[in-house]
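Naming follows writing order (A, B, C, D and E), and every chain is counted from residue 1.
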Amino acid sequence: MSDDLLRSNQLPGVTRFKWQQLLGPIVVVVALSYVVSGISVTFTFLTEGTLALLVMVLGLQVFIGNSGVLSFGQSAFAMVGGFATGLLTVPVKIKENVLDELWEPLKAINMGIWPSLVIAVVIGAFFAFLTGLFLMRLSGLAAGIATFALLMVADNVFFNWRLIGPGPQVMPQVPKFSFVDESIILAVIVMVVVYLIGISRRGRLLRATREDPLAARALGASVWRLRVLFFTVSGGIAALSGAMYAHHSGAVSARDFYLGFTFTTLAMLVIGGATSMWGAVVGTIAVTVIGQILLEFESGVTIGGLEITLPNGVRGLVIAAALVAILIWRPKGLTGGREFSLRLPFLSRP
Amino acid sequence: MIQTILDALSYGGIYGLAALGIGLVFGVMRLVNFAHGELIAIGAYLLIVTIDLGLPLSILIAVTGTAILALLMEFGVFKRLRLAGPAVLLIASFGVSVFLQRFYEIIFGALPLSGQIAPWMAGVIEFGDTTITRGSVVTIILALVLLSAMWFFIEKTTLGLQIRAASSDFQTARLLGVRSNRVIGAAFVFSGVLAAAVAFVLVTQRGSVDPLFGVNITILALVGTVIGGLGSLQGAALGGFAVGATISLLNSFLGNYRVYTYTWLFILVIIVLLVRPGGLISNKAVKERV
Amino acid sequence: ASTSDTADEATTEAVVEETASEEVAAECTEPIIVGSAMAQTGFMSPFDVPALDTARIAIDKTNAAGGVLGCQLELIAVDSETNPDKAAQIATDLISQGAQLLLVTCDYDVNAKASQVAQDAGVLVIAPCVGDTIMGPDAGLTLGFSLGSAVPGEAAIMAEWAFAEFGPKAALFKDMSIKYTQNQCKVFEERWTQLGGEIVSAPEFSQTPEGSLAAPVTAQVKEIKDSNPDVVALCSYPGGGAEAAAALRAGGVETPIVSGFGMDGAFWLGAVPDLSDFYFVTYASVFGDDPNPKVSELLASYKDLTGNDAATSGLVTGASTIEAFTLAAEKAGNTNGVDLAAALETFNNVDLTAGPTSFSPELHVNVTRPMAVMQIQDGKHSFIEYRAAEQPILN
Amino acid sequence: MTQKLEAASIVKSFGAIHVLENITVTVNKGEVVGLLGPNGAGKTTLVNIIAGYETQNSGTVSIDGRNLDGLTPEARTHAGLARTFQSGRLFPELTVAENVVLGAIGSGISTKKANRRAAEAIEMLGLTAVQSEPAAGLSHGLSRLAGLARAVTSEPDYLIMDEPAAGLNDHETPALLSALDNIRRESGCGMLLIEHNVGLVAAACSRVFVLASGELLFEGDPQDALVDEGVLSAYLGDATMGLHGGRS
Amino acid sequence: MNLLSVRDLHAGYGKVQVLYNGHIDVEPGELVGIVGPNGAGKSTFLGALAGSVRASNGSIDFDGASIKGKNPEDIVRLGLAMVPEGRAIFTDLTVNENLRLGLTGRREKSGAQRAIDEVMDLFPVLTTHKNHQAGLLSGGQQQQLAIARALVSEPKLLLLDEPSLGLSPTVIQDVFGVLARIQEQGTAIVVVEQRAHLVMSIAVRTLVMREGHIRATLSQADAQDEAKLAAAYFGTGEDRE
């Protein structure tokens, strides 16, 4: 082993910080966001929504990708985040009209988007920590089902408990972001966090537990503690996503974060490649692009003089089929679960 | 009180039956098949569409059709994902599920299709103060019979053994001469048959079918399968039954807090998992040695 | 798929009556775009699609009569798949294409995001058949309207009619799964007690988002049976509503059942073979016996257009949406959202296909409009009467 | 007090199967101790008990006088224990180097030092050529070496190896032997070596324990073990067979 | 006629080529050994014969027919069984069920029970643990199970990948005794072994592999010659055939 190799701290084959792995995805996301949102208001809207979803997928990645534990519970934290920011920012008058049974102290509160986002993240992370203490004792499918149960509980509670929200209704008039820049900044911050925590010592140990929890324990990794930590971070990010979603669409309701949302975001993660931050980015973009293309086709697209129009209902059919096809074609996701690299085009076979 | 228990029994019966089909594929293949609900739905559609041909023929068509669809799922999708991880399989099965829901909507429309299958099942049997519908009795009997049959098939026959081997180590099973793809296909066919049985019971009860017909029962039966006991058919049936019965019992006891039935149900699910991560029945506990 | 309808040459008599504008149609360069982000697939599509179809019929008719402000109407409809976020994106797109009127899904909880988009862009937004008074200023939607008949009226009619017919003891069977059914029973109860009636039991149940009972209702049915009511008010919608009705009958509750628009239509009757003594309050009869000629005419055109009979009577609101827009535009003299809303707020018993229609600055949904009382006997529907609420219950 | 790893009076049964009956095994710091015994004798079970993967019915495990009972495997690792697994158990999707370096990372060694330790271990055990490859593609023998490398990077006080030489050939075992000797001399750790390769045990160990049917059959000098009557009949049979081939 | 005749076989994983130019001939009742350092490609070679590793090039004729490109489940039915490396037993099935699965590839369906009884006699631990979950067995017990499972199919050609792995000395003796016996009964055997002496002493021929190539073929006599052996192993001197 040559000395300078040792000095430069670069043992080949070992995970370490690489600028391109962090900057590559950020450049892609920022550039794409500005280019696409510049096309029209519709695309600005689409970009903002996609960035909120991207944050969710990153939140899923940081936990699922590193721990290998399938979790549906993050949607519950997105719900918490969405509701929290909604309750903190919706005008008092609207609360009186729509949220008539709301807990009195909540009725009076009204604050700006940014402080509200911070509080939403903290609450989301707190709930994730609390539930994680118990749920992270489980692994495998038991963990998957337990987190799913968490989602069902959250949905059932938010959907019915009028003291803390609008019940089965939507909470309207959530103030919207004014510029796409806000979403971009938040997404970039989350990307940095997710990447750094992923390559941190704890992130690497958590990945070892993903591969073989029993062997990882022999290396001194406490599976439970690592999972709780990452579940908490992931819950905070999911809450941020829920909040961004609310401020993007101007309304929030429990069903926004139910099964459809859960599976869309999980599908994005799996399609991109669950084990890397770049995978989360690619998956989110890929699924959005497919959906948008099909939407255009449904409205009629002219290709080489030929007008092609998809009948209604076919869009959903084709999206589902495309997702399944991608999984069959690349079961490890489009990126193969690897981080961004300039040398490998991301479509190269594993 | 007796009535409450009878209700719980009959409601649990349906979920037990549904969980059996899911548990079969899950226990053998470690595949959480969300699209099982769409197998149930196609069974129900076929029953309603063909009921004019007479019940026996209609049932035959439904069972065959559902089994064929199950086989198509396996050969079209899951077979190609043999080496993929559980998350990928789950998402793929969800994709299949959505695909079929959309497909049904295009073919049959979003509105429910209604029809009367075996109206006699709606009748009630009375014992003094308490009543139970004939449908419930049929369901419970059907569940027990199919459970025994499936158990015998999986545990006692050579084909059953081969199915278990193929699902636990696909490549090694092939090295021993097990035609892995075929035997797994067989398991899917049986899960299709079980789905048709659930479709029959549900459609006599609900009287109509729509594209999302199977979603809810599948979700709950899946949960039941897992809390019942990983990889054990009896566990799956018991777990499904427990979920159904618990819903029914909570519904009686929660009074005007009934809307929170699912909250309590799923809190109980979490507690069961924390106390017994391997499920209620872990007699054949598949342990891992270091 | 997107669809666009422009005029053909035929001229029919204009529906526009009293409020016809003085101005002569200026030279109109571009058609007025009516955008629809309604659901053509998904669980709202059974409500949305018929309403959208009748809107299409009404647009053709309006165009044939010379259009609005001299301009032809052009409908661009994109399927929102009953997805609130897709709907909002589509709404954004339609408005950027110049839509002057946005049609949204017949459920406030699903359309809220799309409606907000229109509101923010200053475009009039109409949900043809929302039955909740929230659609409007209460939710901050000063430009949002519904041509539906809202629950405060509907459920009051249910109570008034059932009280007169069946007597003082009512049981409520409350579906807690959506806001509409929750309000329905709330209003019914309030009106019923106002009338001097008594609520003898009020058990609750819920359905799953996919529309089946979330749990068996045997216990609730027993509670109702034991309370021995004269009538049961069923606040629900199919499929769970149908299962609940079946459970009532199977559980030996033979008393009349009264319900609302949610239980309109015959498609759910498979769950309750030979249902009798079932009554519901809705917009109109789609079973061929509605006395209102406008309704019969619309149903005939609908059959011509789609080849099908209407499943429920909510479709009358689609045509009425275009009628109302036309009248409001003629009155305002332009299609600016704020001006249109102001014009609509002056509506006072304006005669539309859906019936006499009124709006006010506070209320953008109808509560006093007469509705059809329908009966189901031996699995057959028949029309009983049109009836308006004597006392709508607004909270 | 001598520094030693001690499993004292260990009793273990799985239901009706009695696997270990009152077994005491000690490893002094800086010493290499062998653990022999026929298949199913309970060797791996004893290792699992020491490392915290199984709980004994009675008896205690301690390191340098510190009682480890009730501690999780990870806590025992932090207390200075490291082990390899009979079945390898590498992290298949991670590279070999990452596998190895995680041994050090897990026990809290600084990243820089961890990398250096890993580089040394990789070189010492001849894994340099495959260090950037995912562990899943390793041949059987190499994956065992990688497992050993992973365990030694944590700089344990006591290292337990479950058949490290299984799958190595007669030419590779001497290399392993010298690697083990290196590690022991550098770090001064105590080693417990489970092997069926009696030659390796005899060459490496200063003491051996022989288990059979859950009982301690022999304890003492390895050379003595090879000629012990009981050991011969229970374990070695025609002892030369396993060592040098040559069927008579 | 050769039972197995392999020429110019190339195999690998995906794009990675691991085996080059593999060749081997085995006659009925012959025992052929394969040795070589770690990563030489021995397991890959066996896998290619059994159909579990894809062969890209070359020919494999077994019992008069080409089996290249055939599925493993079809190959085993022709009478070519393999004991894979690292035990590969079904950990969540019982010992007995594992053995019964071994019968799947058996050509003659009669005598199945007798075959199972026989291997149970050979490996007494299997009888004691008959109804236990196989994954709970000790390492060496699992290895015995894996060998027993292949034996019950009574193949014409048996491939063994490091059968001595994890076995205690007495059991190794037993296993090799069994191999000698079935060989006498006409079964051909190919054994990959790390314990070169062990295998060479009973093999008619032993192939030495290194870096994906077969570098030498040693006769039984060569096995006594340490220098020749070492040369073949490490590639020093005249190893090219």
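The definition used in the following text is that a residue touches a chain if its C-beta (ideal position, glycine included) is under 8 Å from a C-beta of that chain, and two chains touch if they have at least 3 such contacts.
Being a predicted model, the structure only gives us computed values, none of them experimental.
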{"item": "Target subunit D, source subunit A, minimum contact steps", "value": "1"}
{"item": "Each chain counted as touching subunit C and subunit D at once", "value": "A, B"}
{"item": "Chain whose mean Cα position lies farthest from subunit E", "value": "C"}
{"item": "Chain pair with the higher count of C-beta pairs in contact (B-D, B-C)", "value": "B-C"}
{"item": "Centroid-based (C-alpha) most distant chain relative to subunit B", "value": "D"}
{"item": "Separation of mean Cα positions, subunit E and subunit D [Å, integer]", "value": "28"}
{"item": "Rounded Å distance between subunit B and subunit E, as computed from the means of their C-alpha atoms", "value": "43"}
{"item": "Distance between the centres, which are taken as Cα means, of subunit B and subunit A, whole angstrom", "value": "31"}
{"item": "Whole-Å gap separating subunit A and subunit C, where each centre is the average of the chain's CA atoms", "value": "37"}
{"item": "Set of subunit A residues in contact with two or more other chains", "value": "160, 214, 311, 313, 316"}
{"item": "Multi-chain contact sites of subunit B, meaning residues that touch two or more partners", "value": "102, 105, 259, 261-262, 288, 290"}
{"item": "Sites on subunit D at which at least two other chains make contact", "value": "44, 53, 85, 89"}
{"item": "In the complex with subunit E, residue positions of subunit D that touch it", "value": "14, 37-41, 43-45, 86-88, 130, 137-142, 145, 163, 166-172, 196, 198, 235-239, 241-247"}
{"item": "In the complex, subunit B residues that touch subunit E", "value": "158, 161-162, 164-165, 168-169, 171-180, 231, 284, 286-289"}
{"item": "Residue ranges of subunit B in contact with subunit A within the complex", "value": "30, 32, 77, 80-81, 83-88, 90-92, 94-96, 98-99, 102-103, 105-106, 222-223, 226-227, 230, 259-263, 265-267, 269-270, 273-274, 277-279, 288, 290"}
{"item": "Subunit B contact footprint on subunit C (complex, rising order)", "value": "41-43, 45-46, 176, 203-206, 208, 210-212, 214-219, 222, 238-239, 242-243, 246, 250, 267-273, 311"}
{"item": "Contact set on subunit D toward subunit A in their complex", "value": "51-53, 72-74, 77-78, 82-83, 85, 89-98, 101-103, 105-108, 111-112, 115-116, 118-120, 123, 128, 131-133, 150-151, 154"}
